[in-house]
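Each chain gets a letter, A, B, C, D and E, in the order it is written, and its residues are counted from 1.
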Amino acid sequence: MILIGLIAILFGAGLLCWASERYNPQWPKWIALAALVLSLVLVAVLATASADHSGAWLLRFEAAWIPRFGIGLVFAIDGLSLLLLALTVFLGVIAVATAWKEITHRSGFFYFNLLWTLAGVVGIFTALDLFLFFFFWEVMLIPMYFIIAIWGHENRTYAAIKFFIFTQVSGLLMLLAIVVLAFSHYHLTGQLTFNYFDLLQTPLPPQLAYWLMIGFFIAFVVKLPSFPFHTWLPDAHTQAPTAGSVILAGVLLKTGAYGLLRFVLPLFPDAAQQFSTVAMTLGTISVLYGASMAFAQHDVKRLVAYSSISHMGFITLAVFAANAQAYQGAVMTMLAHGLSSAALFALAGGLQHRLHTRDMRRMGGFWLTSPRLGAIALFFCLAALGLPGLANFIGEFLILLGTFRSAPTFAVIAALGMIAAPVYALLVIQKVFHGAPGGADTDTAAAGSCTDADRRELSYFFALIAVTVYLGFFPQATFEWTAPAVQVLLDFSSGGADTLVLGTAGGGR
Amino acid sequence: MSGDTENLAGLLLYFLAVIGLVALILLLSHLLGQRRRDKATGEPFESGVVSVGDAQLRFSAPFFLVAIFFVIFDLEAVFLFAWVIGFRESGMAGFIEAVIFIVILLTGLAYLWKLGALDWRRDSRRLSGRERRAADLADDLAAPGSPTPGLAPEPPASTQERQ
Amino acid sequence: MNETASNISAQQLLALLPIIALGAGAVAVMLIAAFARGHRSVAGATAAVLVVTLCTLPYAAREVPTAVTTLMVMDNLALFAIALLTVTSLAIVLFAYPYFQVRAVQREEFYLLLLFALLGCLVLVSADHFITLLLGLELLGVSLFCLAAYNARDPVTGDRSIEAGMKYLVLSGLASALLLFGMALIYAQSGQLHFAAIRQPDAAAGTVDLVVFYGGSALLLAGLSFKLSLVPFHLWTPDVYQGAPLPVSAVIATLSKGAIFIAFVRYVVSSNSLDNTQLFNVIVIIAALSMLVGNWLALLQDNIKRLLGYSSIAHLGYLLVAFLALQGSNLALALEACAVYLAAYLATIAAAFGVVAMLSCDDAHENDMLQDLTGLFWRRPLLTLAFTLALLSLAGIPLTVGFIGKFYLFSAGANAGLWTLLGVLIIGSGIGLYYYLRLITALFKPYAHGTADTAAVSLVPGYLAMGLLSFFLLVFGVYPQPLIEQAQAAADNLQQRPAVAFEPVEKQRFKR
Amino acid sequence: MLNIPMEHGLLLAALLFSLGFIGVLIRRNILFVLMSLEIMLNAAGLAFVVAAARWEQADGQIMFLMVLTLAAAEVAVGLALLVQLYRRYQTLDMDVLSQLRG
Amino acid sequence: MNDTWLDILIGNGLVIAILLVVLLSLAAVLIWLERRLLGIWQDRLGPNRVGPLGIGQVLADMIKIFTKEDWIPPFADRAVFILAPTIVVITMLLAFAVVPFAPGIGISDLNIGLLFFLAMSSLAAYSVMLAGYSSNNKYALIGGLRAAAQTVSYEVFMGLALMGVVILAGSFNMREIVQAQAANGWYIVPQFFGFVVFLIAGIAESHRLPFDLPEAEHEIVAGFHTEYSGMKFGLFFIGEYLGVILISAIITTLFFGGWLGPWLPPLVWFCLKTLVFICFFVLLRAAIPRPRYDQLMSFGWKVMLPLALVNLMVTGAVVLVQEG
């Protein structure tokens, strides 16, 4: 019930934001902030209430929705979902903070869209009815589309439509797969259901399972995004307003990874196993391709976007590596990347707000005028390149470790990506903050007028830094949360012989 | 069978005879008739006035309306013919259906009547404003194209038929 | 036949009540249009007639399924369709009112023709015999081409309207001719005009020339495809949609498509036509082409009416997916899918046309170009939301009933194993998304002039219609169970069709 | 009745139908298009009558009445539109119907 | 087989020949008769110079009309111009094919006799229409249009007016209708309104005075046959009189028991009754002034058509009630 409350709060607050704008344009952002903080509290309550890590599923709610198809309102969370929920709500707060001053135009509708996107994502992370899952999967698209298309930058329409079409078409493939799965289940057992827990036991013919798996895989990998399906991401990230980019990079990409972990692996373990080589190849290509493309960008946001592709490549790799380290690493990377890329986009947004450009060739020497921003940027660049002690390092290290155990070749090649990361990450620091003011282009007069981070910016950056550092130094807490979920995954995959799970409480299960 | 054939054959024969007769009459008159060529022979007769303009008049709307009404109501008659010949077989149910059919037709007729579609002569002095609108409407229904901005003005709809 | 025709029982009359009510109502409205002429009175009476028709449905529902002679059958499918079409008509009447209020054409007859068109639809959806099929089709068709040319006297839109009327007339006539000739050929071979009696012919019996029979079926299919504007018989659609007055485009896109589709379904289910592989394959090709070509051509349009026209072609293509699943054990689900998708489609497309019609209420021009919509959100937020909702529903995005419809299509298609078509459906939807989003984007663009539009007349009835439709789109999008239950009932009923007393080929020598 | 095989009747109907169809497709004058349509409809009607004669039922003839009605309704509206069109454009050529495109 | 055909040829040929000769002569004589009767009723003499009682006038007219110039206007549509007057004569003559003159006497005993008659009489509309069109003369065109509009208007309820008779007799066959009257009495009694409507429609159909608006001299010279002369004009003339005879014969058949009657031979009864109606038509011409065209049309649509429909319904109801 608390899960429904969470979603309802976000949906309701969204409507409230919109309605309240008529009376006072300042109200929407306060309402949004209040709603998100309330949600954060709720998530915290959830976490404390189930802190004993007993069993995989912490909370479960079921109610009938469309009995004709055996579709129910099935909500449940395990540790994995809980962490991602926390991330979502937390980044929601950050997004509101970044948008606080940037969005002045039609703010009511903006916060409406923001909150509905977040509600959709929360739905994705909690829904365990496949139909319901798909429902939320699509629900979050529209508001996100509006965020990009209305408040985005110069090329926003193109970017928004591209984002939407990519996600929607791949989503339809998934819908088809879901439907076929449910009907196969129906023909095999005589029970028509979309309930995740029922469908887990479907004894599918291998050929069919393989195709269904592909359907799911494509939808998730587009969202992730992985190499051949990634082209929407740089456009969408670049054109979205800051808050949009934060949500996109921090949260929306994670839904793809979550889908892989939650659905592809447990529903089609054998097919996934069979497919792992292809998937890992795609992952490795993403890692290297993302990194090299990032290196070639002049646009700050594009650079960060391509780096995201690179990082997400690691997750693909991890998901199909099928062992505990890799899974744990994947979860950690999701969290860490959520935080660091959100921060980097917030930074890029801040720069654009000040300079009205995202072109690094027209920047330079900002350390002089805004040292605080510089320091923050340096921190997150280091986090992104995987500096030990920060969350990203833990995640990627575990992924490589896990991958090496099952597929050494891929691990070795992907490790090259970790080498490439410092190059582009430091390039940002060098081009933007070091060097002569104005960079290569001397016509920029913006540098001089650039102000340093204000209290608002500092506060949310510090929050991000704090969490990143915490995760980097105390990853065990995270592992304990995810351990039961990872164990479940391992039970499903045929490579379940390896039962080394980083985590204590859930390990004994 | 033979009765049918006989009937049809008789009809056919009669048909041929009639056509032959008419042809004969025409041929006879052609052969017997005189030939003259006078100055005004080749001109159309218009009561002695020299002919002006084309004879292909734009004909007035009601003619067109009558044509449409004929088509519609004659078909109605066709259905009634079908009912009438099967009158005893279709019995009471058939009668009720036919009455419904006829009543709907009469309603349609009343509609046309009220709208003035059946009026050939319109004396605008006699009509109230509302009736005149209805009358204009009837005109529109049949004779499109009365004054429409941007299009060639209409010649006054053949006045000689409304005298 | 005379024997059965003359024995109409009270039960049958009761089952026919909606049709009787609507027919009587139409005649009454005609009298009102003659004797108490006035836009308000006629529109009001029309709305009242529609409401009364809806009110008769529960009474008729007690008697289903009933075969009314061999000509018609009233079952839950028919009632479902009647309810759907009547509600849609009601919405159209509501938003047509302000639309015609600002126009210099005679207004009253629109409602009259609409009622007749609807009557044709009602006959169609309960048709169980070629005669009723033809009757309904033509009652509908004749009303429609009068309606398409309805603005002919309007100085602004007259040219377009008359062109639309003429084109629709010619092509509809062509379609009718094809259909009729097809029926004649089928009749020549089977000796039957009753749907259920036209089973697939038994070649061994020797009385049937299969070439002629299937030629007839193909012609029938072509005729219906014309009427449903399926590719490659779609060429008239965009022109007619663009040229006809907006409410009329809505009528063509909703009532005529819906009713003809239901009739087609009934024919196919009753006569088992889909058992024939060739015919099946031809329909598969038609469906695939409709989805692709419709969506593709819609991409290129700047005129919203044309765009919606092409979009409706694509949607009929989608519907054919469910239609093709109407076989064997899939029948129930496929029928349900047809019903649900049709409901979603009708409400959605009516809402879309309604919004454009309401935007065209400030003067005699129709604001149907893409640029007229630019920044609409900042001028008319409520209308824009309704339009957005409609577009999202057309695109099949959740929270709208369009999504439920699409889900049904997937279910029916997957259940019947129509993989190729489902693939095409996905591709088509992808293409479709582009132009829906293009519209939506235009709606939300910043608007330079920043002033609210001033409609010349009260839009209240229009808003009422939009509210009704939006409510439908949204509520059944989130909680579709009631809709599904109705559709399920409709599907069940058709399967257990009432036994109809139709004679086998009987040598009844007619009187000469 | 004189016994004519049904196939011959159907063939004639098909011939008429094709003639009408070709007329609809290639004629430029709208009046002739309408006439071609009528030919098609009547060909269908003929086919019904022929078929009814084969099965010795009245159904096909009833159908023919319906076809007649349909043809009449079509022609009534068609001619009305035709007159409109002529008043507007002073021609009956199909090409005037080409304002709508997109 | 040969025998059969030969029989038909001979049997029918005789009847046909006699019928045609009688009809055409009758039409010619009618011209004289009408003028004489009009003269008598209007208290003047009429044609009385040629032959006894002026009966030679018939012959004189015929000679005159045959020797007139067979003129076709150069501006006319030649083929149609010639075709038009023949149509009216042909259709009127053909319509006689179904008239049952007496038992055993008649061209054809069609079971759709009544429909055949209706079909033929509507075809006559083409004649005036085409004549008006092909003459290429303004008067002719207007006259032709008027005639066509008038014919088709009255055509509608002309058929409907007869349907009461069909309900009573249960057949379209003229002979059966006559025989039914032998059993049930003349239909003039139960079908009085049908008779009135049919009578009026019949007058309008044959463009007889007072409904001769298409050729109203005072407005449009001679209407559709303004440009006609010689025998082609004569054909129109013959057609009109044939029409009068036809309508009279049909009225006789349908409403007045056809050949039925005591003492005299059936054929004589038929001819007598028909003659009475022919005279009635002439009387009408003498007695009633010509209405305006709009009055004529309104009268048709607003009075006659509803009357015909109501008559039909009432007849149906009465028959149903009577027969239980």
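What we mean here is this: a contact is a pair of C-beta atoms (placed from the backbone, for glycine too) under 8 Å apart; a residue touches a chain by one contact, two chains touch by 3 or more.
Only a predicted model underlies this, so the values are computations on that prediction, with no experimental measurement involved.
Asker: Leaving out chain B, how do the leftover chains split into contact groups?
Answerer: Drop chain B and the rest splits as A, C, D | E.
Asker: How short can a chain-to-chain path be from chain A to chain C, counted in steps between touching chains?
Answerer: When the steps are counted carefully, the minimum from chain A to chain C is 1.
Asker: Which chain, with its centre taken as the mean C-alpha position, is closest to the global C-alpha centre?
Answerer: C
Asker: What chain pair has the highest count of contacting C-beta pairs?
Answerer: So the pair of chains linked by the most contacts is B-E.
Asker: Of all the other chains, whose mean CA position lies farthest from chain D?
Answerer: It is A whose centre lies farthest from that of chain D.
Asker: Relative to chain C, which chain has the most distant C-alpha mean position?
Answerer: Max centre-to-centre separation from chain C belongs to E.
Asker: Once you find the CA centre of chain B and the CA centre of chain C, what distance in Å lies between them?
Answerer: Roughly 37 Å separates the two chain centres.
Asker: Suppose each chain is reduced to the average of its Cα coordinates; what separation in Å results between chain B and chain E?
Answerer: 18
Asker: Could you work out how far the Cα centre of chain A sits from that of chain B, in whole Å?
Answerer: Chain A and chain B have C-alpha centres separated by 79 Å.
Asker: In chain E, what residues contact two or more other chains?
Answerer: none
Asker: Which chain C residues reach two or more other chains?
Answerer: Answer for chain C, listing residues that touch two or more other chains: 152, 158, 512.
Asker: Two or more other chains touching the same residue: where does that happen in chain D?
Answerer: Touching at least two other chains: 1, 62, 69, 73, 84, 88.
Asker: Write out all the pairs of touching chains, ordered by chain label.
Answerer: Chains touch in the following pairs: A-C, B-C, B-D, B-E, C-D.
Asker: Help me check something: in the complex, which residues belonging to chain B touch chain D?
Answerer: Result: residues 4-5, 64, 67-68, 71-72, 74-75, 78-79, 82, 141-145, 148, 151-152, 154 of chain B touch chain D.
Asker: Within their complex, state which residues of chain A touch chain C.
Answerer: Result: residues 65-69, 105-106, 131, 134-136, 138-139, 141-142, 145-146, 149-150, 157, 160-161, 164-165, 168-169, 172-173, 175-176, 179-180, 183 of chain A touch chain C.
Asker: Could you please specify the touching residues of chain B with respect to chain C in the complex?
Answerer: Of all residues in chain B, those touching chain C are 4, 86, 89-94, 104, 107-108, 110-111, 113-115, 130, 133-134, 137, 140, 144, 148-150.
Asker: Over in the complex, which chain D residues touch chain B? Could you list them?
Answerer: The touching residues are 1-2, 62, 65, 68-69, 72-73, 75-76, 79-80, 83-84, 87-88, 90.
Asker: Could you list, by residue number, the parts of chain C that touch chain D in their complex?
Answerer: Contact set of chain C toward chain D: 1, 130-131, 134-135, 138, 142, 145-146, 149, 152, 158-160, 162-167, 169-170, 173-174, 176-177, 180-181, 183-185, 187-188, 191, 193, 212, 238-239, 242-243, 300-303, 306, 505-510, 512.
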